[in-house]
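Structures follow.
You will see chain A twice below: alongside chain B first, and alongside chain C after that.
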Partner chain A sequence: MSPMNIIWMIAMPFIGAAIGLLYIGISRNITARVQNRFGPPPYQNIIDIIKLYSKKTAITHGVMFHLGPVLAITGTISTLMFVPILTGNYPIYLFSFQGDLILLMYIMVFGCLAMALGAGQSGNPNSAIGVSRGLTQMFGYEVPFVIALIILMVRFDTSSVLDIIKAQDTVAHWNIFRSPFSFIAAIAAFLGMMGNKPFDIVFAPAEISSGPPSEYGGKYLALMQTNRGLFAFVKLVLYTDLFLGGAGDFITLILKTFALFLIPLFIGIVNPRFRTEQAMTFFWKWPTAIGVVGLVLVLL
Partner chain B sequence: MNDDLDRQNNNIIANWARKHSLWVLAYGTGCGAIEVPPTMTSRYDAERFGITGMATPRQADVLLITGYLAIKTLKRVIRTYEQMQAPKYVIGFGSCTINGGMYWDSYNTIKRLDDYIPVDIFINGCMPRPEGVIDGFIKLQERIARGQAKGWQHYQENLDWYRANQKKVIKNWTMPDYNW
Partner chain C sequence: MNTIPLILLLLFGSALLAYFVGKINFVLKVGIALAGLLVSSYFFLTLYGLSEKFIFHLAGFELTWQINSLSWFFGMLIFGLGILVAIYSTVYMRGKERVDFYCFALCTTIASMFGIVVSGDLLSFFFFWEIMTWSSFLLVIYYRYEAQTAGIKYFVMSAIGAYSMLIAILMIYARLGSFSFQALSAGWQGFSLGTQIAIIILFVMAFGVKAAMMPLHTWAPEAYAISPSSFTSLFSGVLSKMGIYGFVLLFYVFSAGKLSASFVDIHGTSLPGYILAWFGALSALIATLIAIVQDDAKKLLAYSSVGQLGYIILGLGLGSSIGVSGALFHAVNHTIFKGMLFLAVGAVFYRTGTRKFSELGGLISRMPYTFFVVLLGIITIAGIPPLSGFGSKWLIYEAIIQKKMVFLAVVTFAASTASFMYCYRLIFGIFLGQRDEKYDDVKEVPWAMRGPMLLLSLFTIYLGFYPYHLLNLIAEVEKTVLGIHPFAYGQSVLFSRFGSVDTMTVMNVVAVVFVIVFVLFSLLYKRSRKVGLKDIHTSGEIPGEEINLHYAIDFYQPFSRGVGAVLKRSADRLYMNFASNMEGLFDMMRYIYTGNGQTYVMYVIVFLAFVLAFSSWLI
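After this line comes the complex of A and B, so read on.
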């Protein structure tokens, strides 16, 4: 491993979290403009996190409660290590290997499970309801997501993200155009993963008082918010790699990830909230059906 | 311990962040609660200043008491306040929290909120308009930036005094000594 890679390994979680939080801040701004108000500055989320890290007390309810956010951010950082970030003249891919797509499928749910365990120990009924909703919803969107990945794996006969990026050398070869079925299934799963409006029943603040994190305060919450920003970044980079042909430099990366980020945002602004069973019906009906059609087509 | 607290209180970066990110737990007692939605939504848009509503006391920084407090409610307010994570601030909203307002001779409301939990900023008026509320928040931000909003520290240091006051009005005190 070259020294450059080690530097990136240390710096990338911070850069990723900053970019992800900035995106979430911009999304707050865009939502505000849609609602005809001015909105907070784009860096508001970063201020929030600095404030949370400088809180002086943080109550804990037990060992798992303590470990929940830590494990969640560990899961996210290890996911980041396996996602190729840049593939240009100055590539950044840290631990990519043959078969990393299968590993990614598993490791991406690790953070959610850790959070569920941590929130479960708080003993707050709202947390328990939120956790059960969140896990149910995860079973929902994992199905189209996995189908979409299988389509790509069968099509390119590989399970390495780098090989999939290499196969998309020109714009016409981007998977968004070459395997539209896979893209549609994956983007529907993406809506669920980002937890934006139609699928935000997990964190419904007015109803179950923000769900799983409702007992978390102070530095725990800071860690969870950092995790949120970083995880958003990781997912966006993974989708860019899989469907938009990866990125050669940071500017392309930011353009592509931001374009992807706008999809769930705009869908979220204009939609009300789905109940859990409506969300499950949605995930298991249309994206899954489209995914299966794509799978049949690619197998033929 | 106290030196440490003072040093942290004067930490410029932390105070700047605290000032620009106030997460509000609006405890909607009394009639004043009706002025909170307009403050938060499109017309007055308090989110410009980083003021957002939060759902639980654990996550919130500011406890907004909007009006008169019945003795029954005071119990919940104390509980909520003690569950918040320091540094935490309290805003008393409306004349009822200052001196009892038009409920000054009522048999089951408290008169001065400051006797029971430490209030950092009072906003007077019956009821204050959203402009007034935002002005109160800005004043709180100024105090935080100067490191003067130390009500929570005062509460910790004078817990006995506050407890005695609280127990004077809450006859059937069944709560633990401190509601972490």
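After this line comes the complex of A and C, so read on.
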């Protein structure tokens, strides 16, 4: 393992979290402009997190409550380690040689479930309601998501992310153009994953006082927010790798991921919130139907 | 003396001895049962790698008991979990009534299961299969009256399975004149297509009942829920595997891989295998959906068991090396995690006297070891890396996608995601959330109960690191018995034609990241203040200490609304309707058999008149 790779392994979580948080900050600005406000500066989230980390006290409800955010970010960083980040002349592959898409699908859930366990021990019924909603929604969006991934895996006859990137050597070969059905199904799932409106039922500040994190404060909240930013980044990079042909350098990466980030954001701004069962069954209608068309096409 | 009959003799002997001598005191009966198990498993271990045969004649039939890598593989599960369950039972069953009866039935069940896996001919297979059915039936009805319906249902379903197996065996005997497996695998090719289909359907029914394959699963939830928890883990963990063993025999030993010769191929899998795979996948999905809405922890686990066995059946149906390896790997995993979870739920029941999520909650600080076991159990069952459940699920998925069975893959993945929901429900309902005051001084269970659970959790961690050792064993089974060329795997790397995963790296990455984050987060910042579970943010309204805000009733209400259409249907109700309709039909017989003597006299007179009237024609 080259020293460069080790340096990236250490640096990448920090860079990823910073980028993710910056995106969320920009999204607050965009939302504010749509609502004819000005909103906080883009780096507000990072300042908030630094403030939260430096808080003198944090309240804990027990061991699992304490471990929840730790395990959540463990899951997210582990996911990051298996996603190829850059593929150009100076590639950042981390451990992505040693895992494939199926591993990614499962390890992505690790963090969510760990957070759910932590929230569970908080004793707050709102947290439990949030988790119950979150898992229900996850069951919804995983269906189009796996359909999209299966289309890609069968099409390229590989489950390795690196090989899928390699197959998309020119713009015309990007999967967004080559497998549009897969892309549509995956983007629908992405809406659910990112938790913007209309799929923000998990946090739903006005209903269940932001759900799972409602008991978390101080350093715990800081870690959870860091995790949120990093996880957003990981998902964006994964989608870039799968559908937009990966990225050769950081500027391309940022352009592509930000373009993807805007999709759920713009849809979210103009939509109200779904009810939980609607949020689940939505994914089984059009996204799944389009995905099934793609599945049939890939078999032919 | 040959080792195989010695082991059987030991096990059956200790069962009888535990029953009769055990009348004297508790320690004696448990001691005899445990000693019998330990000694026989020692003898079993000496059989590793051997292939022995024991042939004898009984009533003109040649009976063969044999050990090979396949029987050793399943025997390993039987003895492994059997001993742990026996140790657990020493405390769990203390102070309960009819412990001698329990010991007897437990030993007999284990003995009969071992008998099944060493059987080399259909006759002894059927014989041990029936012993297994009734000895496990005795344990299902351990709590007599409340277990009545569950027991009857189990027995009726098992009887249906047994009769169909008997018909299949007789069909085979009528054609081959021999009961031995060898004659069958040699003669399978000679059967006509119709016979092959009939035999497959009959055997699938027999094995499907025991493997709780949908739609033959209806006995499982109730029987699992009502039997003593210590036995349930064996019931679900190993006894259901006998059905899986049957499937392996049917598809890979009896027919010796010749199914594809007589049937159409679909995506490189013979039609029966393909249909079986669909049965497995649908079992996995539907059972998982039903498991999510259960309120009884053991029923939840029972449905989950049906679902996980669906994965195993699916892998077996696929027929490729990677699929079969995945299935056998998952069979071992299933034994481990169902053992863990049923024992843990039993431990909770032992201390609190209830299994309902709506009555439990917040036990994490009171039963931390049990919590840890359940935590590892659900991570394995959900197939989340880095524990062993991931390895087997990974193999099964790779197998499906390699065969390009895309719809099957979607159903399977959906089932797997849905399983996160019941996993969370299980751990949240029992251990997290707010605790009722009456459980404030619940204590952790004794070490004899903790030990077996913790040992099983060690196995799942170990197999998460090194699936290698188990895969070696499976490759041996595939090579020597099943006639499949095993797929490639490294020390800790699983390969398929598609991709690879390095379980060791995954485990290391997760562990290293966790340790670093944990150390940075907990030790550098020593600023956590512990508060009680009732000290929560409730938007200004302060509920009293006595009010419990544990959210456990109807936990997934929106989910049940969303999938109500699936949950409304029930195979059980279908059978019950069928049964009651049949009852109505047979009730018509009462018009003939009225039970009144005069009616019968009338029948006799009518018959005689009839005979007289037409006697001229008869003569």
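One rule holds in what follows: the second predicted complex is superposed on the first by the 298 of 300 C-alpha atoms of A that agree within 3 Å, B and C clash if a C-alpha of one lies under 4 Å from a C-alpha of the other, contacts with A are read in each partner's own complex, and residues count from 1 in each chain.
The working rule: a residue touches a chain if its C-beta (ideal position, glycine included) is under 8 Å from a C-beta of that chain, and two chains touch if they have at least 3 such contacts.
None of the values given here were measured: they were computed from a predicted structure.
Asks: After lining up the shared chain so the two structures overlap, which partner does A:K51 touch, if you call chain B first and chain C second: first, second, both or neither?
Replies: In the superposition, A:K51 contacts chain B only.
Asks: May I ask you to decide whether A:S210 touches chain B, chain C, both, or neither, giving the answer as first, second, both or neither?
Replies: Once the two structures are laid over each other on A, A:S210 reaches chain B alone.
Asks: Which partner does A:I129 contact after superposing on A: first (chain B), second (chain C), both, neither?
Replies: second
Asks: Looking at the overlay, what does A:Q121 touch: chain B (first), chain C (second), both, or neither?
Replies: Once the two structures are laid over each other on A, A:Q121 reaches chain C alone.
Asks: Figure out whether A:P40 sits in contact with chain B (first) or chain C (second), or with both, or with neither.
Replies: Once the two structures are laid over each other on A, A:P40 reaches chain B alone.
Asks: Based on the superposed arrangement, let me know which partner A:I59 touches: chain B (first), chain C (second), both, or neither?
Replies: In the superposed model, A:I59 contacts both chain B and chain C.
Asks: With the two structures laid over each other on chain A, which partner does A:V154 touch: chain B (first), chain C (second), both, or neither?
Replies: After superposition on chain A, A:V154 lies in contact with chain C alone.
Asks: In the overlay, answer first, second, both or neither for which of chain B and chain C A:G218 touches.
Replies: So A:G218 meets both chain B and chain C here.
Asks: Looking only at contacts as defined up top, I'd like to know whether chain B or chain C touches more of chain A.
Replies: Of chain B and chain C, the partner in contact with more residues of chain A is C.
Asks: Do chain B and chain C touch any of the same residues on chain A, and if so, which?
Replies: 55-59, 209, 214-215, 218
Asks: Across the complex, what residues on chain C touch chain A?
Replies: 362, 364-365, 368, 371, 375, 382-385, 390, 393-394, 397-398, 401, 404, 406-407, 409-410, 413-414, 417-418, 420-421, 423-424, 427-428, 432-434, 493, 496, 498-502, 505-506, 509-510, 513-514, 517-518, 521-522, 525, 527-534, 536-539, 549-551, 555-556, 558-559, 561-562
Asks: Which positions of chain B touch chain A when the two form their complex?
Replies: That would be residues 5, 8, 11, 13-14, 17-18, 20-21, 23, 41-42, 45, 47-50, 52-59, 61, 83-87, 180 of chain B.
Asks: In their complex, what parts of chain A are in touch with chain B?
Replies: Within the complex, chain A touches chain B at residues 28, 32, 35-40, 44, 47-48, 50-51, 54-59, 126, 205-206, 209-210, 213-218, 221.
Asks: In their shared complex, at which residues does chain A touch chain C?
Replies: For this pair, the touching residues of chain A are 53, 55-64, 66-67, 69-71, 73-75, 77-78, 81-82, 95, 98-103, 105-107, 109-110, 113, 116-117, 120-125, 128-129, 131-133, 135-136, 138-139, 142-143, 146-147, 150-151, 153-154, 157-160, 209, 214-215, 218-219, 223, 275-277, 280-281, 295, 298-299.
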